[in-house]
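Think of it as A, B, C and D in the order they're written, each chain with its own count starting at 1.
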Amino acid sequence: MWTASFPSATGEDGFAIHGAIKLLAAFAAPASAGLFCEMNAACYVGDMSRIHEAKTAAAPLRPEVWARTPLQDKQSERDHRDLRIDKVGVRGLRFPIVIGDKAHSTQNTIATIGMYVDLPKEFKGTHMSRFIEVLNAHGSMVHVENIPDILYAMQRRLKSETAHLEMEFPFFLEKQAPATGMTGLMDYTARFNATACGAEIDFVLTVICGVTTLCPCSKAISRHGAHNQRGVVTVQIRSHKTVWIEDLIAIIERSASSELFSLLKREDEKAVTERAYENPVFVEDLVRNVALQLNAHADVTWFKVEAENFESIHNHNAYACIEKG
Amino acid sequence: MWTASFPSATGEDGFAIHGAIKLLAAFAAPASAGLFCEMNAACYVGDMSRIHEAKTAAAPLRPEVWARTPLQDKQSERDHRDLRIDKVGVRGLRFPIVIGDKAHSTQNTIATIGMYVDLPKEFKGTHMSRFIEVLNAHGSMVHVENIPDILYAMQRRLKSETAHLEMEFPFFLEKQAPATGMTGLMDYTARFNATACGAEIDFVLTVICGVTTLCPCSKAISRHGAHNQRGVVTVQIRSHKTVWIEDLIAIIERSASSELFSLLKREDEKAVTERAYENPVFVEDLVRNVALQLNAHADVTWFKVEAENFESIHNHNAYACIEKG
Amino acid sequence: MWTASFPSATGEDGFAIHGAIKLLAAFAAPASAGLFCEMNAACYVGDMSRIHEAKTAAAPLRPEVWARTPLQDKQSERDHRDLRIDKVGVRGLRFPIVIGDKAHSTQNTIATIGMYVDLPKEFKGTHMSRFIEVLNAHGSMVHVENIPDILYAMQRRLKSETAHLEMEFPFFLEKQAPATGMTGLMDYTARFNATACGAEIDFVLTVICGVTTLCPCSKAISRHGAHNQRGVVTVQIRSHKTVWIEDLIAIIERSASSELFSLLKREDEKAVTERAYENPVFVEDLVRNVALQLNAHADVTWFKVEAENFESIHNHNAYACIEKG
Amino acid sequence: MWTASFPSATGEDGFAIHGAIKLLAAFAAPASAGLFCEMNAACYVGDMSRIHEAKTAAAPLRPEVWARTPLQDKQSERDHRDLRIDKVGVRGLRFPIVIGDKAHSTQNTIATIGMYVDLPKEFKGTHMSRFIEVLNAHGSMVHVENIPDILYAMQRRLKSETAHLEMEFPFFLEKQAPATGMTGLMDYTARFNATACGAEIDFVLTVICGVTTLCPCSKAISRHGAHNQRGVVTVQIRSHKTVWIEDLIAIIERSASSELFSLLKREDEKAVTERAYENPVFVEDLVRNVALQLNAHADVTWFKVEAENFESIHNHNAYACIEKG
């Protein structure tokens, strides 16, 4: 696994690269544009307590009450199986975040998050609630250059050597239709996989992007037409300088028979249909076209390119993969 | 909801129609070709008990022990909320079954099963384990004409007025490629939704079938080529005479630009590509083509046809639906 | 289907009910807090065109060019199958939206959207791109009271009698842990299903909420402990006055053995564990507890309550359902 | 990656290890117990051709017709991008198979299959249809010791250096309830990942198994009860002697608070509830308990153990992982 100390974010060059993340403040400062910024917590909490009464459940204990009763810490007990755990933590956590993009703007999206640490063989368990606390602590205004801070905070808070943070989220770009120039939003999926091993950070950026593929064989052998279909390309990279989500999307889209659009008028549909027919690619061509560009990219040190075509003539898919570096 | 007493299965005409189901014997008679037919249960059980020891868990209690301790029956307690429950039971149960097909053969498949009954307002709960017992009791050799028996057994065993049985499963047909005639297996999905209300049975057959659709607009406006994609058609029917899964598949496949194949050599790919190009259909045409045939079908009393195209030029899908009768 | 003219939104009483939706401006005005608010479109578009060059794809046609070549309108051709289509449109479209909540704040989320209209038997096809145009046209600042406007716009733009809009999205609430009072974000899923039939609007609000359920039978018969599990409750309602997402969540959470939390410290875990043990519910109790409250709700005219428990002792689930009104 | 020539299957010791697979004959010999064993192909084919007429599609070409027209072989054209493709092939193919189990019986199930080869840099594309042909050719009666044959056939047929075969399928075991001894079927998921690199075979067996986990911390700190939930354990192994699916299941089930059952009467539910309460395990304990046994296993040379708990008090999951060897 390639690792390097995490590139310090000096403006542009920093984590704008895959954008600034502001993990949304659950309890944001008034100034913040975050969730619940004007929320009347009292009213909501009142609401909740009414629920509890309705359940004839004990009203929330007062701090001084539970503070007085120390509770057994099972997790910290000594374990004798002599087995270190590589990764332990929480996953499948949905959390609103704010991502900055290349255009120096931000977009709000919903991430599905995983957070893990290693557990030394001496300990019976980790403390799961601390992952959420770390996430909340960095919630109000986190940028991607803060990802190392989140990882280091996990290491400190959970007394671990390694820390892992995964975030997958929808990402949107405005696109112009090829003929009419009409604008629509295209949706993509992006993922961050960040690991701290001691002070060393390993960062993998993943982009998942839909495309059109038109079969060169079908075109070559048929009197007219050619089968084509939606395909999905997944690109993972490591780089010593950060790379934009937008740039990976551009690399993928120019490697297919055509890119996808959300809004196409008839003139655009004509342009896209003809472009795809003039630009046939096998699933093999697709991964090679992407790989060529990543090989040529000055900053990319490792990549894995996968493509899957939802064949329009079969009920199964075609798949190709190249890993490099 | 259309209901009718369930067609009695007189040979051919009976439930062969959507095939004989033999819910596989978990503990099949020696003669049976079922799962574990030759299984040495003793050895396996021994295995399991070793597991329990390994867990230092109490060894299984001997019948006479637990028989002596009557346990409270919470479920049968009186409920005072005065609310009848429409459906209560189990779902997401994977179970191997055997389906008969039109060619008077059988195929083994895996069903995902749901079983529900109504619960009168007087009772606090139903007895979930009894659903599994009914399923097992009909396990050794059940045919579709036995579905009413399963439903009636649920009504008796669970003291209910209504009973519902859902089964969804992969279904396979051997297909010949259009030019070379080479054979391959095509996979489909079928579903049975059977309800008994008193003695009345309501039966809905669902078939889910992949197809190719080629866009008439794209073909008409483009210099060459036309975007096409995989689509999926879902047809649900009620009928007063039973209808074969295979016949619904045939109706769907002849309504699309082309049917799908698992095995296509180059000559076949040419034939399929050209057939699709000569046979463009909108998602609207697709549902109308299916609906026309179901309207004309003597035995179909109600249907719902849905089609969804995984558009090759968009990242979203096109959808159409017609319900009738 | 219950229908009524849509409640006019007079402040509070309006959008607040299920909050303000601002379908996010893909190309928001500078003032807007929307996506890409500071976006340098020019630069991005430049970027895209560079992609096209890179593909040696024809540069976008100039309007006057394609404007000069009228393209065949297949969709508007006459259809002779004499079959009206109930629903035709687009689905699976991911789109960023802004939802207002009861606390008069807003939250940004990502919706998965479906838009459909009916198609008269005379026409061969609908015009799919117009759905996206309507969505974009209402993009900059839409409130729930604007949903009728979107539906009416669909009817006008697509010359249809009926129009359907579906939106499903994650929804977040800040929650305090029961003992420590520490705050964390809980995620829920909400859905709007809105239909215009002529001027009449039918609106169904759906909330999907996770809960804890502890088995009363297991508790009653066991020396100690009781099996419990995560369950999920889905509530759909129609109402003549709008109802808050938050209120449905509260109704669901007070009906279970315990609500769920994202952040629980040990004292909280103790409180939640004990509350659940003191508050056992069958899946049947869960739907009845919710149904009781919905029956008693002045504004609810129809509801369907479903609960599914991911049984901790089985590999299948327990399910119950009550529909009313 | 550990590789070794595939264990030769000497009776017992051979296939049994992960069972005999008979890839089901799509066109099985009369004697076979396979799918369509009695199928009247002629009638069905007739049926299909009627469909084609209905579509006014050309009737299947006669071999001598298409044989006379040689078609361009795009895939075999020379590629100049100088990029070898690591994996290319088909995936998401559903196919009925027969698995043998430890009890020397067989069970029919449905596999989801992926087949891939490498592609030398000289060639533009692979020949996708040949994967299906290889699968069909081995269809009539394949055992696991035939997996190498399938891989070698892929290498020959597709002129490749490496070949990969993936199969994931439901697997069932009959289980006795702990108190009543009543029998029910439990469902599991198993996966084979087999790779041939030249003559060397690498084989990874994966088993996915549901369990009950009860939280030691919750039990220790609470007046009564303890939160518990369904969890899922995924174990992957390499071994120099083959290992039974059943044995991995036993290792997993004895590592949890309790195993799962499909059928439990009240006495059984009492036994399972109490066993789980007496046997609390964190997700960390679960992976350690499994890892201990795999470390001690004479034949296991590499393993990865993952566990995920669907926490009953949270809407997110707890996860742990150990990889070894």
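FYI, a residue touches a chain if its C-beta (ideal position, glycine included) is under 8 Å from a C-beta of that chain, and two chains touch if they have at least 3 such contacts.
Just so you know, these numbers come straight off a predicted model, no measurement behind them.
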item	value
Of A-C and A-D, whichever chain pair has more C-beta contact pairs	A-C
Longest centre-to-centre distance from chain D, chain (CA-based)	C
Between chain D and chain C, distance of the C-alpha-averaged centres to the nearest whole Å	36
Interchain centroid distance [CA atoms averaged], chain A/chain C, Å	23
For chain A paired with chain D, centre-to-centre distance based on mean C-alpha positions, whole Å	29
Residues of chain C whose C-beta touches two or more other chains	71, 93-94, 187, 217, 221, 258, 262, 264, 266, 270, 274, 314-316
Parts of chain A lying in touch with chain D, wherever the complex brings them together	71-72, 74-75, 79, 81, 83-94, 114, 116, 119, 124-126, 128, 216-217, 220-221, 282-285, 287-289, 291-292, 308, 314-323
In the complex with chain D, residue positions of chain B that touch it	26-27, 33, 35-41, 43-45, 47-48, 50-52, 54-58, 60-61, 63, 66, 69, 71, 73, 93-96, 101-110, 129, 132-133, 136, 170, 172-176, 178-185, 187, 246, 250, 253-254, 259, 262-267, 270-271, 275, 278-279
Residues of chain A that touch chain B when the two form their complex	186-187, 210, 212, 214-215, 217-219, 221-230, 258, 260-262, 264, 266, 269-270, 272-274, 276-277, 310-316
